[in-house]
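Below you'll find the structure I mean.
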């Protein structure tokens, strides 16, 4: 209990410290320290759970899936936090960003991380719902941080659409609760995950089915499943790049985590047919909706956002396939997505800093002007499009293998076709942006000098995921797949 | 008692329907606070019937947060943004809106059948209304262009939700309810802040002016 | 050649396999070292030769490993550790893989040698990244052909596309290169998508991704399924091989890369695709219906003819060579098609001849096309352009390059006694064989029509290389750059020299080559007895026809020497070329456009040429002060297939993009409607 | 023995080739009502050129100097693979292959066309370009026409081809006759005669083949002309001995050899007369009509093939 609570408290404490800190110049240091401490604590949780099985501690319950999410969240959060310093370096320097506001940024940042951690560690699905709503509220300020009209518009859409979605999801939670209530009578009904999971087989199917519709539409909004995805490109494109990375890399998967918990209940109660088919459908629709926007796109971060939409579609599809291999692929995809996409958004931050715009037609010759970011960007875009030697190639191949093995050949062929279409769009823009001739007003050099060192960690990790996944990690991912397969240890 | 809660829920549904048709800020705020008030009463009634002390707390919280605090915040935001005047925005006409709302209500009644089929009298009497209110709240959000009225739509949704939880299970676990209230309050506050920023940036509460981000 | 290897099995084979694997491992390590080196040496251009050296050493390893297996005849499987539910990377070095490893190695050695000198003078490219991707490119090709399961194969197949993509776009400020790279990458990826289905779909039934299991279990699949798999293989590998109509990327991408990479892409990478096709169709799918072979044969004919015809219209040296790759892939596919037909019709002798023809031509094309691309690289370096219309007279300034290119041009035109002739002769024999064996009138007609198509292709190819050689190397220089051109460094010519020598060796000793190819043919299901023929001669399977290039060469040499001796050396007087009384300059020469014009008119039904002449005059049309001429041809597939599809898809995408309208309430309506729809379905309304 | 035959055969070709040209010219003149040059005139021309000074273009490279030698050597090499009067020649017995013959001729043409471009003269380039077009378009026709005997014999080996055509049943097959027609037309085109090309013209804009010779003088020109004459004889020999191999000496005995020589000469007389007749009756085609003629040869060959497959009698 205490350790898990500590994991949550660390970012909150950091936020509190930031709030009371007398000298605003310490903000950066405190934030970075807090994030690194959270990273360490999070990794400790991951090691503990992967090594010793699910961890039940009072209010909290962390199984392999939860620990996996914790690992992703703390990892990407630490990277994003460190990158924030580089990202805001210039605006802090020239006074366009006050230290006061910088403090506000970090404060919300920590609250945001804490709320996401709460989502994936808490045992009670009702609280999980509340935490999910809290992630929206905390990140709304981060999305609108720049204060521009675009940012305002994006954050308003973000907050309204996601709040509506989450509100609908609550209805699903209530129905689930009612199902438990109906089973057990008043007094002992529960939203506790373990209790629900154990009694899942006996819950009323009609209720769960109706509830899942609301959960899927509700949390699905937050995942960015089409056609509820509409906030996603706006928010990702207008948020500061570190926040975009965080949103794309871990917030969407965190929301998906919410869907998956309920999906597991349904699978146990109703068999795989119902919710799995819905997930397959929404996965494919999300990928399909992303395609035209990736093929024709005018803005850098919107392009990346649609790619995230597509990735969420891939993962949803994989979960919908419902086999262990597919779950493994989904987990690998989530991990690689978190690394690659956050790195890409950081690159996008550098690019926007360099070119002063995110309009794709105005960006060219990255490889020449940004000697490190440019090549990394090109490679990473191709990586998220599914090129080896990076992890996403293997994860997508695994999912495809599972798709064909699961007998869903036609659906898998559609899936493959959509992947290829997305690939075409991403490859086109990657080439156009990275190659070509930059304007003479763009000097050569990296805006964030230590970015190469920061990017090395996710880059190498991705490479390892593609070339050969280390044994312990394979074991961990298999555990995640086992949880998704409904295996109770 | 059950009949009373049922009647209250019908009244709440009527509030929601009137909100579908109403466009004025003041009358809308009044309608939503009335709905919240009815909800608080219903909460207290259910708590009484179930002998549930926490239920009274929830009723008081509902009254304080939804019927008092939030309408107050909305008034405050409206005052700050001061865009009550001016020609009304072009929206779906009340007649059409009500027609669609009627269809939505029918769908909600039908969809609630898995729940009503299982539950007792209370559920049968009020759960369909709760679900209708939830969906109507969303419909209000779609029909209204003003940011302020959209917040009200969200409130209607919340009320529908709360009513459904109340009638189905006599309320959610305390920790969840606390979370819900907190989220709601913070949410409305944040939305209020954003509304005033929107007015500052776009000189209007009309959210249709937020259309720069496309494609 | 080495009877030792055929007699002593057992221990010797094992030793050779070990040797082969060691060499292969050394080769791979060399590539990795090269890649690492070039990353490390990004800034130090003076050291830029070392990645090429590492690559060359690696390729020697490939070549040696391949030869060792081909001579020792054995298969060995290595499993590399990779923890993944799909299974690890695993490699297998069977004779078929070994043959392709030889091809990679041979051309790779020459290209790397050439690259040492060439890279240093490359402008507008980042040498470090070129070196790194070059090494990774070689590495992936070697691992594709040795890959023993679908994961390994697909991984490195895509790796091959990725690394070559980076080489294609290495001239990063050139928009044409970028566009070429994009088209290439997308076509490659579409092909890979087909391959993914190809390998993964049946895996659902046979529960394995290992090639060895596929070879055992695929033949048992239902016929309909096998047909789909065959078509998938054809499209998937065909798109990489540059088979018409999937060839559109090829003439764009190959010229954009540095020349030694073009040599590898054209000479080797396309063959890796053919490797995949052979592997899947011959060893996995089992005997198929007759129309498979007819389809492949037909595609081969179309590829060969269209490839050479478009090459004739091309005036950029490297694009011309790229189109010739399409042509030669067509010739290879003809051999493959005959082999497929022969297998379906149960004609083992013909099967062997078809396979032998295809494999032999694969090797030969790799060698002479590599040589030609290296030559074009030397020319491009010396003149700074790839446009033939700006060249001329280079034979005087670059004698070695000109000599090498002439050997390549003669070989690709199938002139005896060079290697191109030997494999085309075999292909002719295969096609005649199909015509001869009385299975049905249509198979016979298909074979003889193939003969006619191959003959036409050969004639046109010769014409095209007369144009290419004549305009580039002969007559007067057509630009200042061509006037100032100078011979390239020795290491570059040495690289080309290796391939030129190979053209002779492979051409003069066809029976030896056939003997070395025997295990590879056997691996593809060809009959086991060695191909007929004695030391000197290569015999066809059909009748008594045989070919003895060595004897022919001897006769030719004797005749040449005799004629030379007999005609003696008369006093020779040098004079200006006759110019009807005037003096001739470079502008009055025949150039590539004028050379190709009769062909353009004769094949106007295909080219549908567009001609536009704008003349500016003031007083009378007889006194012009300016004349602007533009003549171009229209490309059938680009215009009627790719462009309409592309614009249709983009139009569709553009329409669809309006759903993201920017209006919040619309967005909420999507959400609402989704919810309502799901509810309605749940109510069983819908 | 083999070497002896090789030398005899070579000598025969070299000696006979100019005579055939002279004969055709004479026959043509006769048909056109002219007296025409003496039948020995080609020999005199060769001798004359042989003793003339060699003038070479300054622009030219070693290609120009090598081309006559290569053309001469490849043509002779191809020629010795074909039987003239006896089937006993060791070379064609074992390795003589019709594809080799065709590609050896192509090798010569290849270098000749390069030489045409070498001097930088527009006429040479024009000749090269047109000649390569016609040569390329002729290839499928030749091979389709030759396919009929090849498929009958089941081999591309010349010995087998001759052997298969010796069977009297073959001659009357429609396929064989159609193929013969195609091969005869191909021979007209291959020897550069009307209606495809005019061997007698030196008018710049109409010449094809002669354009490539324009820069040559003296001994190289003599070699080139001689090679072209040998090639003409070779083509006629293909028609004569592949399609009507009767009369060939099967065993090298003096009597049968003499008889074979007489038959061979008779066949050449007949074919040469045919060429002269065609040349007298028809007018030269415009260059861009020539492809149509060549396609027609391919079509005829195709027809021959189809009829072979449909009426397979001899198989």
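The chains carry the letters A, B, C and D, assigned in the order they are written, with residues numbered from 1 in each.
Please note the rule applied: contacts are C-beta pairs under 8 Å (C-beta built on N, C-alpha and C of every residue); 3 or more make two chains touch, one makes a residue touch a chain.
All figures in this text were calculated on a predicted structure; none of them were measured in a lab.
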item: Contact pairs, highest-scoring chain pair; value: C-D
item: Centroid spacing, where centroids are CA-atom means, of subunit B and subunit C in whole angstrom; value: 69
item: For subunit B paired with subunit D, centre-to-centre distance based on mean C-alpha positions, whole Å; value: 99
item: Geometric centre distance via CA averages, subunit B-subunit A, whole Å; value: 31
item: Whole-Å gap between the CA centroids of subunit C and subunit D; value: 35
item: Per-residue multi-chain contacts in subunit A, two or more chains; value: 156-157, 160, 164, 168, 209-210, 233, 293, 296
item: Contacts with 2+ other chains: residues of subunit D; value: none
item: Multi-chain contact sites of subunit B, meaning residues that touch two or more partners; value: 111, 138, 141, 207, 210-213, 215
item: Contact pairs between chains, per stated definition; value: A-B, A-C, B-C, C-D
item: Complex contact set, residues of subunit A against subunit C; value: 156-157, 160-161, 164-165, 168, 209-210, 213-214, 216-217, 221, 227-228, 230-231, 233, 278, 289, 291-293, 295-296, 325, 328, 365, 367-368, 375, 382, 387-389, 393-394, 397-398, 400-401, 403-407, 409, 413, 416-417, 419-420, 423-424, 427-428, 431-432, 434-437, 467-471, 473-474, 478
item: Residues of subunit C that touch subunit A when the two form their complex; value: 80-86, 88-89, 126, 129, 151, 154-156, 158-159, 161-162, 169, 172-173, 175, 177-178, 181-182, 185-186, 189-190, 193, 196-197, 200-201, 203-204, 207, 209, 649-650, 652-654, 656-657, 659-660, 664, 666-668, 670-671, 674-675, 678-679, 682
item: In the complex, subunit B residues that touch subunit C; value: 104, 107-108, 110-111, 113, 135, 138-139, 141-145, 207-208, 210-215
item: Footprint of subunit D on subunit C - complex, ascending; value: 392-393, 395-396, 410, 413-416, 421, 425, 428-429, 432, 435-436, 438, 441, 444-445, 448-449, 451-453, 455-456, 458-460, 462-463, 465-467, 469-471, 473-476, 537, 540, 542-548, 551-552, 555-556, 559-560, 563-564, 567-568, 570-580, 584, 586, 588-590, 594-599, 601-602
item: Residue numbers on subunit B that touch subunit A, as the complex places them; value: 50, 111, 114-115, 117-119, 131, 134, 137-138, 141, 147, 150, 154, 157-158, 161, 164-165, 168-170, 172-173, 175-176, 179-180, 182-183, 186-187, 190-191, 194, 197-198, 201-202, 207, 210-213, 215
